[in-house]
Amino acid sequence: MAFTSVQKIRFDDVDGAGIVYYPQFFRLCHAAFEDFFDTAAPISYPELIRDRRLGFPTVAIESRFDAPLEYGDVAVVELVIERVGRSSVDFKYTVRRRRDGVHSFQAKITTVLMDLDTRKPVPLDAELRMILEQSLAGSPHSPSDG
Amino acid sequence: MAFTSVQKIRFDDVDGAGIVYYPQFFRLCHAAFEDFFDTAAPISYPELIRDRRLGFPTVAIESRFDAPLEYGDVAVVELVIERVGRSSVDFKYTVRRRRDGVHSFQAKITTVLMDLDTRKPVPLDAELRMILEQSLAGSPHSPSDG
Amino acid sequence: MAFTSVQKIRFDDVDGAGIVYYPQFFRLCHAAFEDFFDTAAPISYPELIRDRRLGFPTVAIESRFDAPLEYGDVAVVELVIERVGRSSVDFKYTVRRRRDGVHSFQAKITTVLMDLDTRKPVPLDAELRMILEQSLAGSPHSPSDG
Amino acid sequence: MAFTSVQKIRFDDVDGAGIVYYPQFFRLCHAAFEDFFDTAAPISYPELIRDRRLGFPTVAIESRFDAPLEYGDVAVVELVIERVGRSSVDFKYTVRRRRDGVHSFQAKITTVLMDLDTRKPVPLDAELRMILEQSLAGSPHSPSDG
């Protein structure tokens, strides 16, 4: 049930120690999230923001960095939806290096559907819930619990 | 008449060749532009955007890169206003390395005052014109020509 | 015992939803980490990397995002050292908005002293240990436990 | 003879005015430059840097911004090689918006082949010269002039 996005490490993704700057891993995750929307949903993430004034800001992160990426690497980013709550959605991301398959990074990122004008959480509507639940880890048999 | 902003090169400003990534020089310039507004104007640049829905997007650049910056360097960014037109303003930026005073970069950046909602150029009002002309290279005696 | 670094939110720190892009919070933390070194240590972080080929890559993050930052905000970043182990150091960061003092973000970031050439962890030497332990939360009375 | 690279505008490419931050256009150009190397050359740009310690730092830019890009846009970046000198190479980049074909940006970017250790320009070797000249605007009939 995982969605995969493949992304080249670019010339400016590295830091002063010569490896990918650790906050860039979250940029890789966000790009995978955007690609997931482009692929799985009838509305893109930019459209959700512009037309419906909704977004999924991040409210919590737990992550682990296991092996560095370097300039020239290609990142294989995997996105799995772990939990769909009333307003919140937990995404699990893993990043592997394409050259050797080594596991580089993983994160659990909790987001909340927010009205961008009021800045308050709003419940997922039926369409967003369906899109997300279809991609739940273990679906179609695992119910949402949140 | 120059305005100076001093900025540390940060851990993620470098590129895969180990020197400051060239587009970051424009980030240094923009930070100096923001600092200029914070210092010289009664309204900050964020307030100009949010409250008056005006901005100064860049329409042209001519620039030269003379010596690299490295991680650990401190950039001394100098901003001079070269020309104030009806809607357009030309800024000249120079960047020197603090450690040795070496000239690293210079750019002429042309901006236009734009209404952010209509996306059309608008004439500078009297207040913005005054702020900018006071900082004109060679002022108070050099009239604007644009 | 906290170290504080004050940083302006810049024009490019925001995202497509108009608030500070969440990975930028880690950039704010890293800048505070660099400023801490510049202030507290006899060697800057760039010198540690260049001259001694040592660095503190991040190996784990736990973080929470409580209130957004916007363009025009000033971030007050507080760094506290929570634990100094044999090779690992846990930093706790909190970010508040200067305009209203609202707590925006907190993170526990675990780093490991690494030899940048071998890419292996190395024990903290006496000097680095002393610098870090002097800034331990609760020091001078709290011993390190790691 | 143009090389084309298609790139999604990402969530963090915008600025506080809600359009793509102008230095990001140079990031788009550099990504196209990297993609050109991946496609046209027997060695990738990361390999050129790592294995041969050579790079093409930018020494001059002339550019014009004609229409903004927004979050959700897809950038069509076209790279043409305009001149191959002894050490220097001039690239011309144009960026169009995919949704409407509107011309957004163009730049002439002059680079110099540099030894990354000595930081001195070095002449293009026969292989690099051949790769670049094959992609010269107007080639195969236009000789290099530099």
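As written, the chains take the letters A, B, C and D, and residue 1 is the first residue of each chain.
Methods note: contacts are C-beta pairs under 8 Å (C-beta built on N, C-alpha and C of every residue); 3 or more make two chains touch, one makes a residue touch a chain.
As the structure is a prediction and not an experimental result, all values here were calculated from the model.
With chains reduced to the mean position of their C-alpha atoms, the one farthest from chain B is A.
Separating the centre of chain A from that of chain C, both taken as means of CA atoms, is a distance of 24 Å. If you average the CA atoms of chain A and of chain B, the two centres end up 35 Å from each other. Centres computed as Cα averages put chain A at a distance of 30 Å from chain D.
In chain D, the residues that touch at least two other chains are 11-12, 16-18, 23-24, 27, 30, 46, 49, 71-72. Chain-to-chain contact here is organised exhaustively, every possible pair of chains being in touch.
Contact residues of chain B toward chain C in the complex are 8, 10-12, 27, 30-31, 34, 44-47, 49-50, 70-72. The touching residues of chain D, when paired with chain B in their complex, are 16-19, 22-24, 26-27, 30, 46, 49, 55, 57-66, 68, 107, 116, 119.
Chain C meets chain D in the complex at residues 11-12, 14-18, 21, 23-24, 71-72.
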